[in-house]
Structures are given as C-alpha cells and as structure tokens.
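For reference, the structure I am asking about is given below.
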Amino acid sequence: MTNLKRVLVANRGEIALRLLRGLQALGKETVAVYSEADAAAPHLRAAHQAICVGPPPPGESYLKIDALIAAAQASGADAIHPGYGFLSENADFAAAVEAAGLTFIGPTATSIREMGDKTTAGEIARAAGIPTVPAHQPDGEVDAAKLQAAAKEIGVPVLVKAAAGGGGKGMRIAHSIAEIPDLVEAASREAQNAFGDGRVFLERYLENARHVEVQVVGDGAGHALVLGARDCSTQRRHQKLIEECPPPQLPTATHDAMLAAARSLVERSNYRGAGTVEFILANDGAFYFLEVNTRLQVEHPVTECVYGVDLLELQVSVAEGRGWPKELEQRQPQGHAVEVRVYAENPAAGFLPSTGTLTEVVWPQGPGVRVDAGVERGNEVSIYYDPLLAKIITYGEDRDRALDRMEQALAETFLAGVETSVQFCRELIAHEDFRATRVHTTYVAEKLENAAPAPPRDDDPWWQAAACVGWNLGQPDASGSGPSTRQPGAWDTLRDWRATP
Amino acid sequence: MTTPSPTGRTKATMQQRDGSYWVSAPGVEEPFRVVAWTPPRLLLEHAGEVRAFTVAPGADGAVWLHHDGETRCIAKPDRRGAAGAAAHEGHDDLSAPMPGKVLEVLVAEGDTVEAGQRLVVIEAMKMENPLRAPHHSIVTKIHVGVGDAVAPGDSIIELDQAPAEASAD
Amino acid sequence: MTNLKRVLVANRGEIALRLLRGLQALGKETVAVYSEADAAAPHLRAAHQAICVGPPPPGESYLKIDALIAAAQASGADAIHPGYGFLSENADFAAAVEAAGLTFIGPTATSIREMGDKTTAGEIARAAGIPTVPAHQPDGEVDAAKLQAAAKEIGVPVLVKAAAGGGGKGMRIAHSIAEIPDLVEAASREAQNAFGDGRVFLERYLENARHVEVQVVGDGAGHALVLGARDCSTQRRHQKLIEECPPPQLPTATHDAMLAAARSLVERSNYRGAGTVEFILANDGAFYFLEVNTRLQVEHPVTECVYGVDLLELQVSVAEGRGWPKELEQRQPQGHAVEVRVYAENPAAGFLPSTGTLTEVVWPQGPGVRVDAGVERGNEVSIYYDPLLAKIITYGEDRDRALDRMEQALAETFLAGVETSVQFCRELIAHEDFRATRVHTTYVAEKLENAAPAPPRDDDPWWQAAACVGWNLGQPDASGSGPSTRQPGAWDTLRDWRATP
Amino acid sequence: MTTPSPTGRTKATMQQRDGSYWVSAPGVEEPFRVVAWTPPRLLLEHAGEVRAFTVAPGADGAVWLHHDGETRCIAKPDRRGAAGAAAHEGHDDLSAPMPGKVLEVLVAEGDTVEAGQRLVVIEAMKMENPLRAPHHSIVTKIHVGVGDAVAPGDSIIELDQAPAEASAD
C-alpha cells in the first residue's frame, strides 16, 4: 500500500479540471501540464503547480511522453493520471511511467495492450463466453477480393473499424459489398493519423442498435466492482452526445446479464483500475461485446450521481493498493442521471467543428445540476484539441425529472463565439422519440439527413432590436456623456479602470 | 442623435431620448426601450412587455444573442450582403467552414455533381469533414489542392447549378 | 385537486432563481417580479414573464401586497410562491392571495399567524408535550422592575427576542440583570423596524448550545412527512452561516426524539406545506422547541441532497392537493451535505455589510457541487436588500468528503467588488473545531473577538506584480500596437467590437 | 517604455520588452513575466515558476485579486497614502464602512472611551452596526447626528488616543 502525495494530471480541458479538483478534495497535491496554446486555460489554475510541456500541437506537448515524465519528476509528483484521450490508453506511456518509478493511475501496460486492441479483446471476451458481433480481421495486406468475400459472409451492412481506435475515428459503414475496398482505405488512413495504427477490421453492422456499457473497477487480483450500466445511444459521427444512467427501458434480465459478463471479463483478466465494458444491444434484444475502454470515460459522472460514488477516488484507492470498501459491492442505483456533451460543433452543418473566441459563457446552476466545464469566457477554441468544451449533468428522482431538469439547464446555457451542440440536444431531449427511448446509435444522423434546413429567423423585431443594442452600445460611450443605463456593469467598470493613471 | 444600425435588411435604428435608448425596428410601430444594459445582460421593453437577452460580440462584427433558451448568431449586415452577392442566382461559392487541411479533392473542374455529393475533404480536429454540393451543379473552379491549409471563409470550390432534368414549364 | 399552470414568484435573488428554475422543470409557466433596482438582476431572466412592481425600497415593491397580486392577475398566474423573507411569513399576504382567488404556495394564513408568533407557537408546542426554554413574556407595557424580576427567575444569561422575529433581528443577550431594560428597548426598536411589531420576550440563554432543526411537510389534514434534521450552529450575529444535513454527532435517540416532536406538532396543528421546526440543543444533551418557520428555509438544499427530494416539488404537490408519494415516508438519508452562505459582508469588520459592483464572479463547479447564486458579474450589491448573494452546497458520501469538497469549492470561488464570507468560511471548515463538531451558536462571535487582527499582507511580490498588471493592463492598449498577450479575451474582444461602425 | 506602477510602498514597475510585459517588484531580482493576460485571468512566471491570478477592478482604483484560494483587495496606493495621513500618530478618524443611517450617537465630544466601546450605531440593511473605539481615546470631534444619512468613507468621529495607564518607560 502506497500513499500518493502529489499527482500530475497529463491532460487538459474539463477532465483535467475534474481530476485536479477531485484530487485536491482527496487531500492530494496536484500538478497541471499545459501547452503554449493553453496558457489561459482554466485547468492550469486549478492545480498547485503548473508546467508548460511544449507547443500547441498535441504531438509536441500532451502526447510527448518524455516531457510529461520529466515534468512529473521536476515537480516531485509520485503519480500520473492520464485522464481520457491523449495517452490514457497508450500502453507505452503506462510502461514508461512505471519505469520512471511513478505510479500510473490506470491499468497495467499489459491490460491496456490486450484490451485496447479490439481484436485481442474480442478473443478474451469470447473465451469468457461473451458473444461478439460476427466479424473478420484481415491479415496483413488488404486484399479487395478477400475483404469482399468476408463481408459477404458477415452480411451487409458492414462496419469498417480501426483495431486501435475509439470515438468513431477510423470507422465507416459499408451498405454494399462494392464500396468495401474504398472505405477500408479511408478508415485505415484516418486510423493511422489518429492512433498511429492503420489496422482495421470488418464487423456486422446492427441497425437501430443501442449502445450500453458497464462501469467496472478491478483490483488487479481478479476481483471486480461492477457499478451498473450507462446508455450512450445518442451519437453523431459515431461519437456520444447524450448518456444516461441507468439505461432506460432495459429489461432487468439483460441488464443483469451485461453486468455479469463485464464482471467475468474483469475477473478473468485480472484487470486493474476503472474501465468500461461496451456492448451493442441489437433491436432483437441480443447484446454483443464491443470493446473495453481502459480509462475513466467522459460520461463517468452519470454513474457517480446514480451510484453515489467518486470514480476518481476509487481509481486512486486502487492505485494505492487499498481496493474499495466492501459495502460498495451492494450499492444500488438511486434516481436517474443524464449527461449532455457540449461540443464546439455546428449541428446544422453536419456537426462540423466550430472554432473562435468564447466572448461569453453562461452555465446553468441549481438543484440536481452538475457542470464539468473546460473553458471559460475569453478562451480560444482552437483546431488543436478535441471540440468537447464541457459536460452538463442533471440528476433527478426518476428519468423524467432528470430530463426536465436537463431541458431547463440547457435553456440557461449560453456560449457566444462558437456554434455548439447545446440547442440541438435541448430539442432532442424534449422530443417524444427521446422521451420514449426510441433513440438508437444512428438516430441523429438519420433525423438530420431528413430534416429540412431551418428557415432564417433573423426577422423577429425583438431579436433585431437586441442585436442593434449590441452593435451600438457594445462599448461604453467614449465621451462618457450619454445617459447611462441603470446598472453599472463590467463594461462600465472599464471606464473607471481606464481613468487610472 | 440617431445612430443608424448596420443591420442591412431590417434597418433597425437606435435613438437617445428622455435619458433612455430606444430602438426602432421596421414593421413595428412602438420602439423598444433599453431598460437595462449591463453587458452582456440586456432588458428590453416593448408594448408593456419586457424581455431579457444576453448579448455578446462575435467574429467579424457578428453578435451572439441568447433569449428564452435559444442562441442565435446574427451576422453583420454588410457581410451578409457580400455573402448574398457571392451566392448569385444559380451560383455557389463554397468556403471553408473552419481552419484545416485539404485531405482529398474528389472532383475536377467541369465535373457534373449531384446534390449531396462529396467534393473536397478537409481534416480538422483529427476528423475528416466532407464539403458537399448543395445542388445538382457543374464544378466551375477549384481553388485548393491536397495538402493546402485553409482558413475559415477561404473559397474552396465554385459551382454553377446544372439545369433541372425536366422542368414542368 | 387543482393543477397549477402559471406561478408568480414574489421574491428576488437566489431563492427566486431556485424557484423559477424548479417550477419550470416541473412544467409550470413562471412570472418574476422585480424592483427598479433589479432590472439587471438574474432572477427576472429566468422567468417566462417579468413584471416591475415598484421602486427599489422593499416597502414599495417586494413587500407591496396589492402590486404583487395585481401582477399575478395581469400575468394570468394562478398561484404565488413567496420564497423566504419578504412576505413569506406574512399572514395578511397569504390571506390576500387566497382572497384574490389565487393559490398561496405555503401554509394557511391561520398557520402562519399561529406559528409565526413565537409565544403562540411555544404554547402549541408545550401543549404537544415538547419542552420550551424557560421564558417570560411581558404583557403590554415594558416595566423595568418586572422584567428584571422575571429575568432573575429564568436565570442569566437571558436572551431578549422579538415575538414576531427571525434571522437574529431584534435579538439581544443580557449577561447581567442590570442591562435588561436597555437591551429590551433596543431589541424592541429593531423588531418594530424589521417586522412592524415591537413585542419582545425573555428566554433563558443556553451557552454553547447547538441549533438543530427538522424539515417537515404537512398536508393540512393532520398528516406529516418528516425529512430529517439539519445542524445550523455556525452563526454570526444570530444568523446562520453554515448548515449541514444530517447533524453531525447527534445521538440517534435525540435525533429521533426531535423528529417525533416535529411530527406531533405538524399533525396536531393540521399544518399545510413545507416548514421547519427549530430546536436548541443544550450542551447537556437536552433539547427545547424554539420556533416554527412557515416557509422554505434558505438551507433547504442540504436536505434535498441527503434525502433525494425536491422540496419545491413537494410544496407544489401539497398546494395542488396531491400530498406526497407514500414511499417518501420511508426515505432514509444518504451521504452528507453542507451549505455555505455567501454574504456580502466583511468578517474582519464584524461581518459589516459590504456594498459595491461585482466586477467579477467565479463560482465553483464539478462533482458534488451545487450553486444557488442570486448575482452575477456586473450586478450591484445595494443597501436595499439582504446581503445573501449565493449559497454553495457540497455533497459527499460522508461528512469529511462533503467538507473536503467544500474547501475545494470555496477555494475556487471569487467575487470582486465586495467583501464576502467565503474566505472566512473556508478557514472555518478547515479548522479542527469545525471538523470535530465543536462549533456552537456563539462560537464565531467568540473566536472573532479573541482573534488578533490579520497583519497586512500586500508585500508579497507575486501579489504586487499581479496588482501591477491590473493597474497597467486593465484595459487593452488603446493604440493596439503593444505586444498582445497570447489569448484574446473579453477585454481584447472589446477592441474588435469597437472597430464596428 | 517603462510605466511606473502606482503602488506606493513597493514601487512595482512594468516594462515592455522582447514582445512580453515584465513586472519588477522590489526585493526580488528577477522580473515577473506576463505569460497570458485574458482578463480577468493572469498567468505570471518568475524564476521558473508560473502562478495563476484572477484580477478584476474595484472601486476607487483598487484591484481585486484571487490566487490559490485566497481573495485580496489591494487599494490604489495614493489612496492608501491619504488614509495613512488621516491616521497620524495617536489619532483615529473613523469613517462610515457602508451607506446607512445614524441611529444612535452614544458619546459626546470630550468623552474618554475604552477600546471596543460603542460610539455610534449605524443602521444598514435593517441591521444595527456599531462603530467601536479602536483604542483607549478621547473623542475630539463628532461629525454626525442621529438620523443623518452617511456614505462609505464619510468621516463619523475623530479620536485622540489617551495616554497609556502606566508606560514602562
């Protein structure tokens, strides 16, 4: 049993803030790292110490293993938490951290390697008796005829997926046998770019399927703590948009079978740390193993709300060799939680990333609302990093109450300067299909494809009048002689400030 | 003192009178009164009703507004005028929606393309983002090549709409 | 059973926001009211409709019964929620609302009258077998000799309290018999000012006592829902500063006896709506009835966190004649919650109110953090209203976790422009006395009296350098030619804005 | 270009050099570099260490700062100088800490008062706020009467410290 004293968080954005805050609440000293593009980012002010690890491109900063380990050693950290994304599922990083005599708050390098590779993970799952989706793994060279034959055997539609991937990168759906070779090439190239590993495989594509995943924690010695399931079926571009805990309208037998499957996988593989076992739930009620994510997921807060746990605390506790309190194994879910991801993306333009300066940021507050934000007013949303700006989580006694609170919370949310997913998600959560749990993983794409483009709505005189005020009064009257509005504000204050010598 | 609003279409104007600011919008007789303006918070009054907006500046003079749970970005009118000019009758000038790198150019000048067809793929934030044809068109000009870096608003490709297959009259 | 459609919230600040948000999440339309001083206040933008009810002084706006009822009728509201403070415990208001054919979301006028008067409430409590603190109620004229005789019988120290009061207004402690007449006069005057009722009474003052209160909901027909207890012993100037649920280190027998006493009071009085039964817990373990607050308390969120309920929803449900779900009667507390009140006050100057413009406001975020704020950047903190700016609530699996999260949350909180209670509460929560539950109702006053004045700490070169940047770069360089810092921010954006014709 | 900081005691100064802003504080050899300044967020670097501050303007040129969980308000130095002058050796000039109304005046000019004794009661926000003597003193001047409205900074009462009972030397 070790007792970690000082932890370096090798990440940025909302997850870095969540980890730094959480570690400090656990009594740990913290070290943040940042790239030159992030000198104004909120995460670095949440830490006791902040270290610049390089220029803006991730490959020269947040992905630079030697710079991160050097920062940990220079700052006296005894552990590194990788967050999600970046190096969180990089086995070489985990190995390098341990080789430097530091604790890696995450699975062993071996586990990351085994589980991170979908092909190997699938074999482990099948060995544990968990069904996987019919699939084909091309060996070495990509041969068009072979691939087409394999696809025929699996049956179209067929999914082309990166072996090392996640988050929808390097993924394509083939609706005909003919387009397989082209799509394999595109997916492979994208996978090579994103993960440095261009291997792809084919898999039966299940239509109108749901994405359900199980939160697990392993102690590395064959024991598993299973903390329920999450539904993450609301996706766009194969990336999650809205998540819920517990999954709505999931038969208890299916729910329990998924949990049992996840438990068996963790126990058999001596998995250590927090992880997620992902399943695809076909529209006939069958479920198949998808993959294991060997990290804390973006959507972990919904589990925290409903199971009353702090998953970071469990990660730290396992990393310190203390396991978890036995009573957690009996913990029952209470209430319902939902998470909406706030992406800098324009839903009306196929969720294209949107960049710019956030000139205003207003987050929701109040009962049952948790905000994990990675940006604040004044920040630049750049092309360098993931477009996830923040997560809004609401909690209630049941699903409808949680969703009602989410509608209210999203209505309060305002980000100026970039397009976001907020309004789209608000409309979706109010929609009868969402309320009735009719959303599956391709629902958003299909709806958007069929949606008529929204008519321009700039004509409303109220909105025009408000815009006119912005254009005309956007700065305080330079002469200072105009009739001032009743309440002095930040911009009025500027005038006082300006008067200072 | 009357400051003409730069709003092109609606010609909303702002006046200063009786110690308050007033905004006149076309099609509405009674003006809107600025009850409070503590940036970014705005309270307007009109015909006995008050409404609260949040107002913040955007790029290129655009203004971002929030009201009743809805967010809108209203472009600076002269810019919108320019965009309107570019998109003259039957012509589309597609520009880069975000900064990125051109990954693929899938068509050539002179090609006929279908509405929705992928023309150019731009990589940004590690994702491939296709630029699609808005109408059944002919490619008249391609401004980029594979590997080019593009900034938002850069012209990428120009199209002329192809004649409809069978027009009723 | 009625079904309320549109509710007017007759309040301002954080409670108005909490109610408007909550009502909208319950599917109600909402109407806000505001005074002319509050045209920039956040609460009015949280509602579907906002109506100005008068000039800044409360007596001409938020306390003006006819203006409020007229606003409700003009806006088509069918109910009024009074919040806390202002008219929330004014029986005439409740009666006037009902007389106007509207629903008053609160107790009956009779209940408010009975319970709101401490003398009458004490009689009801004693009739229900609940002990009250030895006390004396002067009849009519205040006679110095009589009062001194009564005080002698009760025993010093003696508390002088307003009969109609609350929140520490019109309250004095007499440590000797001699000072009784002067203190009675001062208390009576303050009570007359605050409540329009100058009646005061004497009561035995219990040293090192704790304040524990029980959350109740009555259906108006003799049934009670009892939702645990709160500890509110951390007070300054007889007003609560920090509250917790459940009360720490309270013997189960005492806890249960308090709950039973509160239940009996609600059942016997046919109380309707949410209310709080306050007790004083003497240092010998005995407890005495203090008073009943016939409203939603400031500190209700800690109960909501620990009992997983929405007290506003229960208020609305009772007002609609639907009572509460039976399963709530078995609800057990889960975890621990703490609330810190953010007052515009200077603790270093005896908690004197502080006024000014809030030039910056930063609230905490993240897991287990709830913020109910009534102000935002740009708002003016004026002398017209209560100095309570916001409440920060943290929740955790146990008391230490909740307190650790609170320390972290308060460290993130920043309000510029007025002095606040934030830093004082942060230091208190970190203090071993607080951690060991050694805080009683006069702890803060005693500590502050004995505290050495803090030495000036402006010399630190880091702080001086930061201040120097503020003075020199507080506005963007007018020439626009200076080397710009890396990230464009709100003030840089002003420059873009300025370029607009 | 060197802008002298208005800080009275420490004479911190700001310089612009090599495309950055630098702040020199007395008693510290190496200057502080402004790494990022996106108001209200400031990142400073000094001797290889970076620290984050939040900086916002206050009344009368004061600056509010937040760092490492702590909030401080640093007054504009010339103002502090003036305050220092008012509080000359053995003299206290007590001013109103907030706007309010004088409710009671409990002493008269010439009275000797004890440290902590209540002198004047001001009502603000419906609370009675006593002004107390900071030292064992003699009341030299009372500027207010019962019912007077006072604004923050208004002089209320002046005191001269009374000689200590028994000074050792």
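We just call them A, B, C and D in the order they show up, numbering each chain from 1.
Convention: a contact is a pair of C-beta atoms (placed from the backbone, for glycine too) under 8 Å apart; a residue touches a chain by one contact, two chains touch by 3 or more.
Fair warning: this is a prediction, and the values are worked out from it, not measured in the lab.
Centre-to-centre, using mean CA coordinates, chain A is 30 Å away from chain B. Measuring from the averaged C-alpha position of chain C to that of chain D gives a distance of 30 Å.
The geometric centre of chain A is 38 Å away from that of chain C, both derived from CA atoms. With each centre defined as the average position of its C-alpha atoms, the distance from chain A to chain D rounds to 47 Å. Counting partners per residue, chain B has 6, 35-36, 38-39, 41, 54, 57, 59, 61, 68, 76 as the residues that reach two or more other chains. Along chain A, residues 39-40, 357, 359-360, 378-379, 411-412, 471, 474, 486-491, 493-494, 497, 500 each make contact with two or more other chains.
Taken as a graph of touching chains, this assembly has some other topology, since it is neither a line, a ring, a star nor fully connected. Pairs of chains meeting the touch criterion are A-B, A-C, A-D, B-C, C-D.
Considering their complex, residues 17-18, 21-22, 24-27, 36-37, 39-40, 46, 301, 304, 308-310, 334-335, 357, 359-360, 363, 365-373, 377-380, 396-397, 401, 404-405, 407-408, 411-412, 471, 474-475, 486-491, 493-494, 497-498, 500 of chain A touch chain C.
Those residues of chain D that touch chain A in the complex are listed here as 6, 35-36, 38-39, 41, 43, 49-50, 52, 54, 57, 59, 61, 68, 76.
Note for the complex: chain C touches chain B at residues 39-40, 42, 44-45, 48-52, 376, 378-379, 493-494, 496-497, 499-501. Interface residues of chain B facing chain A in the complex, by the touch rule stated above, are 3, 5-7, 9-10, 12-14, 16, 19-21, 23, 25-28, 32, 34-42, 44, 46, 51, 53-59, 61, 63-74, 76, 97-100, 123-129, 152. By the touch criterion given at the top, residues 169, 186, 190, 193-194, 237, 346, 349-350, 352-357, 359-360, 362, 383, 385-387, 410-412, 414-417, 419-420, 422-423, 426, 457-459, 461-474, 482-483, 485-492 of chain A touch chain B in their complex.
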